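Two complexes follow with chain A in common, the first pairing it with chain B and the second with chain C.
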Partner chain A sequence: MEARMSNKSLLVVDDSATMRQLLCMTLTRVEGITQANITEAYDGEDALDKVKSGNFDLVLTDIRMPRMDGLEFIRKVRSELNEQTLPIIIISTKGAEEDVQTGMNLGASGYLSKPVSMSRLRELVTNFLGEH
Partner chain B sequence: MQLTGDLSDFALTDILQILALSRKTGMVLLEGAGWGGRITIENGRITEATLQPGETLTESLALAGLLGPNQKSLAANGDLTQQQLEKLLVSTGILTRNGLVSAIRRHTQRVIGRLVRMEKGRFSIALGELMRSHEESSSRLNDGLDVGEALLYAAHEQDESYKERESSQEEDPGVSLNGGRDTRPLVSGHHARLAQLVDDAAEPENLARSNLLCSLLAEMRQHSFEAEVSLMIMRYASELATRGILFAIKDSTLCGLGQFGLSHGKDGKSADEMVRQLQLPLDADSVFARVVRTGEPFVGEMPDNYWFSELLTRIGGYGRELKLFVLPLTCNESPAFVIYGDNYPGQSDLKGVRELVALASQASLVLERIALQRRVSQLESGT
Partner chain C sequence: MQQEPAEILSLFKKSEELVEMLRKGRAFTEELMAENERLRYRVVQLEAERINPSELLLKEVERLRIENSQMSQKLEFLDSKFQQVEAENKDFAQRYVEVEEQNESLANLYVASHRLHSTLDCEEVVECIKEILLNMIGSEDFGLYMIDDETGELVRAGWEGDTAGTPDYERLALGQGLEGVVAISGEPYFGADPSGNGTCTCMPLKIKERTVGVISIYALLSHKKGLSHLDHKLLELLAGHAASALISSKLYSMTDRKLRTIEGFMSLLRVNHGGENV
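Up next is the complex of A and B:
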C-alpha cells in the first residue's frame, strides 16, 4: 500500500492556510503519503491552474472561497478541461447540503462535511487512491 | 467546527503549534472518558483553558486562600465573571491587577499541562469561533499565553510528576491523568542540561526563547512525521527571524514548502503560493548549494550572489543589507530540508541562531529515527 501511495499526487484547495495545513497533516497520516505528494491551492482559480499544469490523482476542495468557489472549480474541471476521471472530494460547511448536492451534480466524486473527521478523511482518500 | 480527530493521531501539542504559528483564533475542544476541556486561542495565543472535572479559576483562588468566606459564598453560585472577580479581589485590595493576571496565567498553565497529558480522547478544532461567554469569562487572559511557554510548563510539570512517581513507585502507584500509562518525561536530563546551557547568563528577553527551545527539544522526540519536525523548527525560527522559508530537497533542486513572515506575492498570489513556486538549483554556486553539500549551516550577512538576488527579488528585500541563516536538516547524513531565515527589513538582529542550529541538529536525529522506523516497518510488512 505504501509503495502505491508514494506515487500519488494530491491537491488540497482551501482559502484558509491553517485548514490546508491541518488537512495536509491529516493526509500525511495515510501510509505512503508525505508532504511531497501534496500540492496546495488557495482558491478555485489557483486550483484550476494547478490542475491544468499538473497531474493529480485526487483533489480535496472547500466550497466557499474567494475569486472562484469550489463549485465553479468542479464545473470548469469537468466541462472546460473535460477531465472526467479525476476524483474530486468536496469539503462542505455543516448546513450547506444544497452546495453538496450542486457539487455532486457538477461531478464531484464524494464529499465530507465539516467538522472533517480525520479518520473519515483518511478512509475516503485511501479508498479513492486505492481505486485509481 | 473544521476538523475532528483522535488525540492518538494528532497530539494536542501539534494542534497548538499549528494554531500558534498561523496566529489563528478559535477553540480546541477536547473530550475523553469522563473529562472535557476547552482551549481558546486568539491570534495564536492561549487566552483561556478549562478542564472538567477540574478546578475552575475561582476554585483555584479559593484554595489558595485568596477568597474569604463572603467571596466563597458568592463564588459558590457559579464561576464569576471577570468584572465580578476584579471587584472581589482587586477593588478590595486582596490582589493587584497584575497579581490577578499572574494567578489566571498560572491557572491556565496548569490546565494546559493537564490537557497535554491526556493521551486518550477526541478533539475538535473550531477556527474563528469563540464561546459567547469568553469575553466576560473570569479566566480569560487578555494578553494571552504563548503556546511555547504553556508547553514548557506542561513539560516541567510532567517531568516533576514523573520524578515523583519514580521515587514513590513502590509505595503507591498513584493515579495519573492519562489512565495510568507510563509517562515519559517531556524534558529529559540531557535536554534540561542543554536548556541550562542555553540559559547561561540569560538576558530576560532571551528567557522566553530559551524556554520555547527547551519545550520544542523535549517535544520533538515524540514526533513520528517529518512534517511535524520541520514545523517545529519553523516555529522556533519564527522567534528569531522576521521571515523564513522551509525548502525540501528534491533531486538537485531546493523547492519551497512553507514560510512565515512573508507578505503576499505578486499577481495577488498568497505568500504560501509564492513560496511553493520557489525553486533554487543546487548545482549552481550559491550558499544554499554549499550548505547542502557540506551539511554546515551558514549564518551571516547577505552574500553577493545571483541566486540570493533572485530569491530576494521574488520575496522582497532586494537591495537591502540583511542578515540571514541557512540551515540544513539532514536525514541519514544527507540534507533533506533547508531552512532560510532573515531579518528583513534589516532593522533587527538575529539573536539565538546558535540555539536554532542546536535544535536543527536534534531534529536531524529525529528525522533519522523516523526514516529508520519507516524502513523497519517496510521490512516487517515485506514491501
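Up next is the complex of A and C:
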C-alpha cells in the first residue's frame, strides 16, 4: 500500500493558506504520501494550469475562490481537458444538500463540508488513490 | 417248579441288560448333572458379565461427567477471557478514536498557531483569524474587534457574514452589548444570542489579564449543529495567540514606521551635513 501511494500525485486547491497547510498535514498522514507528492494551487485558474501541465491522481478543491471558483474549475477539467477519470473531491463551507448535488452533477467524485473531519478525509483519499 | 435252564439264562441275561441300562441311565444322569453344573456356572458367568458392562458404562458416564464439568469450566474461563479481550478491544478502539481526535485537534491547533505567528503584517493576521474562524470553526457570520485605547471603543478589524457586516457593528462601545460586556469582563460567553437570534459565542482576546479585543460568532455554517470540544479549544487558542499576534504585528508596523521616519530623518541630516561640508 505504502509503495503504491508513494508515486501518487495530489493537487490541493484552496485560496486559504491555513486550509492548504492543514490539508497537506492531513494528507501526509496517509501512509506513503509525503509533502513531495502534494502540489498546492491558490485558485481554480492556478489549478487548471497545473492540471494541464501535470499528471495528478487526485484533486482536492475548495469552491469559493478568487478568479475561478471550484465549480468552474471542475467544469473545465471535465469538458475542456476531457479528464473524466481524475477524481476531484470538493472541500467547501457550502454543505447544503443542493450544493453537494450541484458539485456532484458537475463531475465531482466526492464532497466534504468544512470544517473537515480529518479521519474522513484520509479515508476518502485512501479509497480514491487505492482505486485509481 | 423247577424252571428250565434256558429260561433262567434268559432272565439272567435280561437282568444284566437291565443293570447295563441302569448303568447307562446313571452315566447319562451324571452327564446331565455335569452339563447342568456347567450351564449354571455359565449362567452365573453371564449374570456377572451383564452387571459388569453397566458398571463400565457408569464409570464411563462418570468420567464423561467430570470431563464435561472440566470442559464447562474451561469454556467459562475462555468465555470470560473472551469477554475481557472484547472489552479490552473496545477500550483500545475507543482510545484509538480518542487519540485520532486528539491528533486532529493537535494538527488544527498547530496549524492555527503556526499561521497566526507566521507573519508580522496586521492585515495578514486578521485574514488568518478569519480563515481559522471560517474553515476550522465553521462560522459564517463573525466579527473581530480590537479595543481602541484612544476612543475606548471596540473597532471592527475583520468580519464575515450579514450580522457582523452591518454598519452598527463597525464600532461598539465598551461595556455595552454582548461584545462590550465581554471586553470589560474578560470572560468568554457561550450561549443564546441576547438579541434572540439563535446562539452566539463571544471570546475575549487576552494577553495575560489584558483584553485587547473580542471575537464574536453570530452564526455557524448551516450544516454545523454546534461548537464541539475541539472548537472550544481552538477558540481558547485564538483568544491567546490571536491577541499576541495582532498586538505584535501592530507594534511591529508602528516600530517599522518609526524606524523609517528616523531613517528618513537621519538621511536628511546626512544630506544637510554633507551640503555644509561642501
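Definition applied: the second predicted complex is superposed on the first by the 128 of 132 C-alpha atoms of A that agree within 3 Å, B and C clash if a C-alpha of one lies under 4 Å from a C-alpha of the other, contacts with A are read in each partner's own complex, and residues count from 1 in each chain.
Convention: a contact is a pair of C-beta atoms (placed from the backbone, for glycine too) under 8 Å apart; a residue touches a chain by one contact, two chains touch by 3 or more.
Here the structure is a predicted model, which means the values were calculated and not measured.
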- On chain A, do chain B and chain C fit together or clash when superposed? clash
- Query: After superposition on the shared chain, which partner residues are touched by A:96: those of chain B (first), chain C (second), both, or neither?
  - Reply: second
- Message: Once chain A of both complexes is superposed, is A:34 in touch with chain B (first), chain C (second), both, or neither?
- Response: first
- Query: Can A:26 be said to touch chain B (first), chain C (second), both, or neither?
  - Reply: both
- Message: A:128 in the overlay: touching chain B, chain C, both, or neither? Say first, second, both or neither.
- Response: neither
- Query: So, does A:46 touch the first partner chain B, the second partner chain C, both, or neither?
  - Reply: first
- Message: Per the contact definition in the header, classify A:111: touching chain B only (first), chain C only (second), both, or neither.
- Response: neither
- Query: What stretch of chain C clashes with chain B when the complexes are fitted on chain A: 58-66, 166-174, 202-210 or 220-228?
  - Reply: 202-210
- Residues of chain A at both interfaces, chain B in one complex, chain C in the other: 16-19, 21-22, 25-26, 29, 114-115, 117-119
- Message: For a test of understanding, state which residues of chain A touch chain B in their complex under the given definition.
- Response: 1-3, 16-26, 28-29, 34-36, 39-42, 46, 94, 114-119
- In the complex, go through chain C and note every residue touching chain A. 100, 103-104, 107-108, 110-112, 114-115, 128, 131-132, 134-138, 140, 221-224, 231
- Task: Sort out for me which residues of chain B touch chain A in the complex.
- Result: 1-6, 9-10, 14, 18-19, 22, 24, 124-127, 225-228, 248, 250, 257, 269-270, 272-273, 276, 378, 381, 383
- Note on the structure: In their shared complex, chain C is touched by residues of chain A numbered 16-19, 21-22, 25-26, 29, 93, 95-96, 113-115, 117-119
